[in-house]
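Would you mind keeping the following structure in view while I ask a few things?
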Amino acid sequence: MTALRRGARRAEPVWDVAFALAGALAIAAVVLRAAGYPPLAVLRGAFGFSLFTAHGITTTLAFATPLIFTGLCFLIGVRAGIFNVGAEGVVMVSAGASVAFGALLALPAPVHLPLTLVVAIAVGVLWMLPSALLKAHRQVHEVLSTIMLNWIAIFLVAFLIAYPLRDRDFPARTVLILPSSRLDPLFPGTSLTVMLAAGILLCLAAYVLLYHTPTGLHLRATGADPAAAHAIGIDVRRLTMLAFLLGGAVAGVAGFTLTAGFPPYWNIDEHMQSLLRMGFLGIVVSAMARNHPLGCVLSAIVVAAVLTSRSYLQLAHGIVYEFAELLAGIVVILLALPGISRDIARWRAKQAARHRALTPSPAGVRGR
Amino acid sequence: MSRLVAAVAVLAGAAALTLLRGPTATASLALMALAAMVPIALPAIGEVVNQKGGVFNIGLEGIMLIASVAAVYAAEQGGNGLVGLGGGLVSGAAVALLFGLAVTYGRANQTIAGLGLNFFGIGAVAFLIFEIWGAPGFHRVPEALRIQPLATPAGLLRWLSVAAVLMPVLAVGLLQHTPFGLRLRAVGHNALVSDVSGIEVYRLRLAACVLGGALAGLGGAYMSLDWIGLASIDLIAGRGFVALACVVFSGLNPWRAVAAAFVFSVFNALGLWLQVEPWARPLMARGGSALFLMLPYASVLALLVASPAREAFPREIGRPYERP
Amino acid sequence: MHRIARCVLVGIVAIALWPAPSAGAPQAPAARPISLALLMAAPGRSDLSWSFMHWLGAEQARRTGQVSDLRIVVSTPATALSDMTLVVRDGQFDLIYVASFSTYGTALRDLANRFPDRQYAISDIRPQFGDADPGNRAVLGLLYQQEQPSAMAGALAAALALHYDCPSVGIVLGREIPVLHEFEMGYKWGVDWAIRRLSETNPDVVRNKRLARAARKDRVLWTYTGAFNDPARGREATEAQVRQGACVVYQVAGATGLGVLGYMDDHHRTRNVPIGQPPFAIGVDTVQEWVSPHVVGSALKRADEAVLLAVRLVREGRFREVVQRDRSVWLNFGNRGTWFSDPQLVREWVRRAVEIGALDGSKGGEVLANYGRLREPQPRWVWQLVDDLRGLIEQGRVEIPRPFGDPQRWPIERLRETYG
C-alpha cells in the first residue's frame, strides 16, 4: 500500500507538468480564438505534428537532443547548489573546438569522431574552469562569471568563424567537418542522430551518480546545505568545482552534438544560429524537470515540441512567425505553474479537514 | 581597502585618458557611459529591491522591451515625452505585477516565470509594433516627443543619467530607513517567521516586484524615448541581462550595482572607441574587433576578481513561500 | 491529485491525440500568377534588413498580382530542414525561395535532388551540384555584388571629406562576418579610387587636404559593433568616429545602423548644424534618405529585387534555362540588383512610399525638401565623381575587391595589408 502511495507521489511532478501544460494550452487556445483561429484544430494539429508525424517527431527529437545536455549542465549545478548558466558559452566554444578538430585535422575514421567528442568535452571543462575557480576560491557568484564568459565565448567563436575556421570557398560558414568525424542521421533527411540515445544514457548516468553514489550524495548535500555539509566533513569546495566541471563536460557534449552531430550541416554558420539559445533553453528544460535527471529527457522533448510546433502553425495555418513565437512564450511561462495542482489538492484537503472537524462523528468522540 | 583601490584606479584611468587625448575626450567618454548606464542601472536597482524580499525576477529584459513600446505609445497618445516615461513606468509595473502574482500566489518557479516573461516580451513587442504602427520591426519616435538632453561641449547629458546616479540614495533610503524596507528585508531573510509575526509576505513581495518592474520599465522607456528615439524589437539588446549581472555583482548594494553598470558602460564605449585608434589597427586587421568587443565583459570579470561582493543574498531568494 | 482534474487532463490528452490535420497547405497554383514560398531564418522579417528585404520583395510581387499565394515560413536551424522538406513535399509552390540560410546550401542540395521537379532559389549561396545530380537544373543562386555600391559610398565619402577637409571617413558595421568584409573593402577601395582619380582630374580639390595627406590605412575608421540588432551601439560607435574626425559615416549594420542615423540627427540638432553640413551618413540595403535628412546616399542591396527577379523568371518560363546556363545570377549594377541611390531614385521611392501609405504625404514632402537642402550646398564635382564611378562600374571597367564573392582571388588577409 505504501509502495503504491510512494509511487503515486513520485509521479506527482509528471502530473503537475502535464496539468500545467494543459492549462497553458487552454490559455493558448483563448489567445488563438481571440486572434481568429480555430483553437482546437490548431492545438490538436500542433501537438499531432510535433509528436506524431514523421517530420515532426524527428525534428522535435533532434531539437531536444542538445537540450538534454544543456539541461543536465544546469541541473547538476542546481543540485550542487550553484546556478550555472554557463552552458551557453560552453556550447559555443566546444562547438568551435569540434569544428576545428573535426575539420582541420585528418585522422583515420574510427578514431576521429570519438576524439572530436573528447576534445569538445575537454574544452567544455576548461571553459568552465575559471568560473569554478572563482567560485571556490573567491566566492564569486557563478551567475556573473558564467554570463561574462558566455559573452566572451560568443565573440571568440565569431572571430574563429570569420578568420581561422572560415571556409575559403564558402566564407559564409566554417569549413565542413570531415566525413571521418561526422555523425550520420538515423533517418535520411533528418538531423536526428545517435546522440539522442547518448542523451538518455547520460541522464541515467547522472541519476545514478546523483542518487546512488556517495559523490552524488555529497553533491546534493552540498547543494542542500553547504554549512551542514562542511560541518560533517564534506569537501564543499572540491564538490562545487566538480559540479562546475561536470556541467562543462556535459555542455561540451551539446557543442559536439550541434556540429559533428548535426547532419546534414556539420558546420557553424556565420550567424551561429544553430548554437544560440541552447544553453538558455537548457535552463528551462531543467527547471521544468524539477531539476531531476530522469525528467530531463521528457522535459526536453516537451520544450522542443512546443518550439517545433511553430513550424506547424506557420505551415498549416499561415500564422505569422511573430504570433507563433508569442504563443510559444505563453506556453513556456505557464509551464511555470506546476504547483497549482498540488495547491488545489491541498486546499481540498484542508476543506475536507475543516468539514470533518465541524461535523461530529456519530460514534462520539474517538480517542486519539 | 578595495574601495580605495577602485577609486584610485578610476582616477588613474581618467588622468591617463586626459593626458593622452585631452579633457574633452575623457568628458565625452564619461558622458557616453552615463547615457549608456541608465538602462542597466535602473533595472538593476529595481531588481536589488526585489531580491531583498526574496524574489528574483530574471524577466527584466522582457519587461524593458514591453515598457519601451508602451512608453512610445503613451507618449504619442499623450502628446508628451514625460507622459511616455510614465507609461513605460506603469507598464513595467503592471507586467511585473503579473509576474509577482504568478510567483507568490501561483507558487510558480521563478526561473521559468522569468524566462517565460522574456520570451513573451520578445514575441509581444514584435507583434505590438506591427499592430500599433503597421511597421514590422521598428518605429521612429517623433522628435517632439523625445526627452531633450542637456547639450555640453563634450556631449549630451541626459536627465535620467543623473536620476540613475542618485537612485541608490532612494533605494537605500527605502530599504534601510522605512518600515516597508525593514519588513521587506525580513521577508527575504525568513519568510516563515515574518509570516508568523504578522507581515503580509505576499503583499510585500508583490510590492517589491512592482517597484522593480517600474524601474525596469523606466529603463526601457528611457531607451526608446530618450536615448535612441526608436521603438524596436532589438532596442534593449540584452541590457536586462547585463542588469542582472550587475545585481549579482552588487551583493544587493544599490551603489555597487550602479558602479558595475557604469564600469560596464565605460568599457562598452571603449570597446567601440578603441577600434578606431591608430595603434589598434594591426590588431583589427587580424580580426581583433572581437577582442575589443569582449572588453566590457572581461572588465566585469576583472572587477569581480578584484572586488567580490561582501553581502550575501537573502536566504529565501528564489524560494516560493508557502504557508505550511 | 483531485479526481476531476485527472479526468479533465485525460480528456484533453485524448482530444490531443486525435488524428491531426497534416502539415502543409496544398494549394493548386494559379495559371499565370505563381505561388511562392519564402523561407527565412529567425527572426524573419523583423531583422529589418536581410530577411526584411526579401519579405518586401515577396509582398511587392503579391501586391502587383505576380504572386497569388504567398507563404512565409520562418525557421530556426533545428527546424529548417524539416520545414523546407514539408513546404516542398506538401505544398505545390511554383517557386521556393530560401533567404538568409547561409549554411543550408547543402540541405537545399539534398532536397533538390529528392524533388528536382520544383524550382528553388537561394540568396547569397552558390548552389553546388555535380553534373549528375538531378537537382542540377532546379536551384538558382542569387548572388550580390555588394562591393559595387560600397565603392560608390567610399567615393562619395572621400569627395565630401576632401571638400570639408576632414581627416577621415568612417564605416560602422555589424558583426564581423565575411559578407561584411566585402562592404568594408569596397568602401575602402572607393575612398582610395576617389583620391587617385581626383588627383588626376581635379588636383586642386585634393591638394593639401588632410584626407589625401593621410596614409591609405589611416583614411577610413572602421568599427565592428558586434551586433546587427543594437541601435545603441551604432550610436556610440558613430559618436566615437565623429569625434575622431570622420565627417561621413557609412552604416552597414542593419538595425544597429538606425542608431548611426539617429546619432546624426541628434548631433545636428543639439549643435545647431544645418542640413547640408557634415557629418553625413550613408545608408545601406534600402533607400534610407527618408530615415534621416543627413543621409547623402544609400548603398542598395536589393534583396527584394532578387525575389522579384526569380518570380519573373518563373512566370516567363525561363527559370530552367537560366539555371542550366548560369547556375547563379549576379545582382549588380548591370541589372540594378545592387545600386547606389541617385536623386531620381529617391524621389521615385518617396513617391511610391506615399502612394502605398508607408509614408504620409506631408512627411513625404518634407523628406524631399530636406533632400534638396542636403544636396544643394555640395559642389558639383562631388556628384560628378560619383556618377563617373557609377558609369565605370556599369561598364565593368574597374575591379573592386570581392572577398566574399570571389574569396580565392581576394583573400581578406591580403586586402588588409593594402587597405587596412
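A few notes on this one:
Chains here go by letter, A, B and C, matching the order in which they are written, and residues are numbered from 1 within each.
Criterion: a residue touches a chain if its C-beta (ideal position, glycine included) is under 8 Å from a C-beta of that chain, and two chains touch if they have at least 3 such contacts.
Note that this is a predicted model, so its numbers are computed, not measured.
Remark: among chain pairs B-C and A-C, A-C carries the greater number of C-beta contacts.
Centroid analysis (C-alpha atoms only) places C farthest from chain A. The mean-CA centres of chain A and chain B are about 28 angstrom from one another, to the nearest whole unit. Centre-to-centre spacing of chain B and chain C amounts to 33 Å, using the average Cα coordinate of each chain.
Annotation: 36 Å between the Cα-based centres of chain A and chain C.
Multi-chain contact residues of chain A, defined as those touching 2 or more other chains: 155, 158-159, 162-163, 322.
Residue positions of chain B touching 2 or more other chains: 126, 286-287, 289-290, 293. Residues of chain C found to touch two or more other chains are 43, 46, 176, 226.
Listed in rising order, the residues of chain A touching chain C in the complex are 12, 15, 18-19, 22, 25, 40-41, 43-49, 52-53, 55-56, 58-59, 62-63, 155, 158-159, 161-163, 166, 168-173, 189-191, 262, 264-265, 267-271, 273-274, 304, 307-308, 310-312, 314-318, 320-322, 341-342, 344-345, 348.
If you check the complex, the residues on chain C that touch chain A are 1-2, 5-6, 8-9, 12-13, 15-25, 41-44, 46, 71-79, 81-83, 85-87, 90-91, 102-107, 110, 114, 124-126, 175-179, 181, 226, 403-404, 407-408, 411-412. Chain B contributes residues 25, 28, 32, 36, 126, 135-138, 140, 143, 149, 151, 155-156, 223, 227-230, 232-235, 237-238, 268-269, 272-273, 275-276, 278, 281, 284-287, 289-290, 293 to its touches with chain C in the complex. On the side of chain C, the complex with chain B involves touching residues 43, 45-48, 52, 55, 170, 176, 217-218, 221-227, 229-233, 235-237, 239-241, 243-244, 255, 258-259, 262, 265-266, 269-271, 291, 358, 416-417, 420. Put simply, chain A touches chain B in their complex at residues 130, 134, 138-141, 143-145, 147-149, 151-152, 155-156, 158-159, 162-163, 280, 283-284, 287-288, 322-323, 325-330, 332-340, 343.
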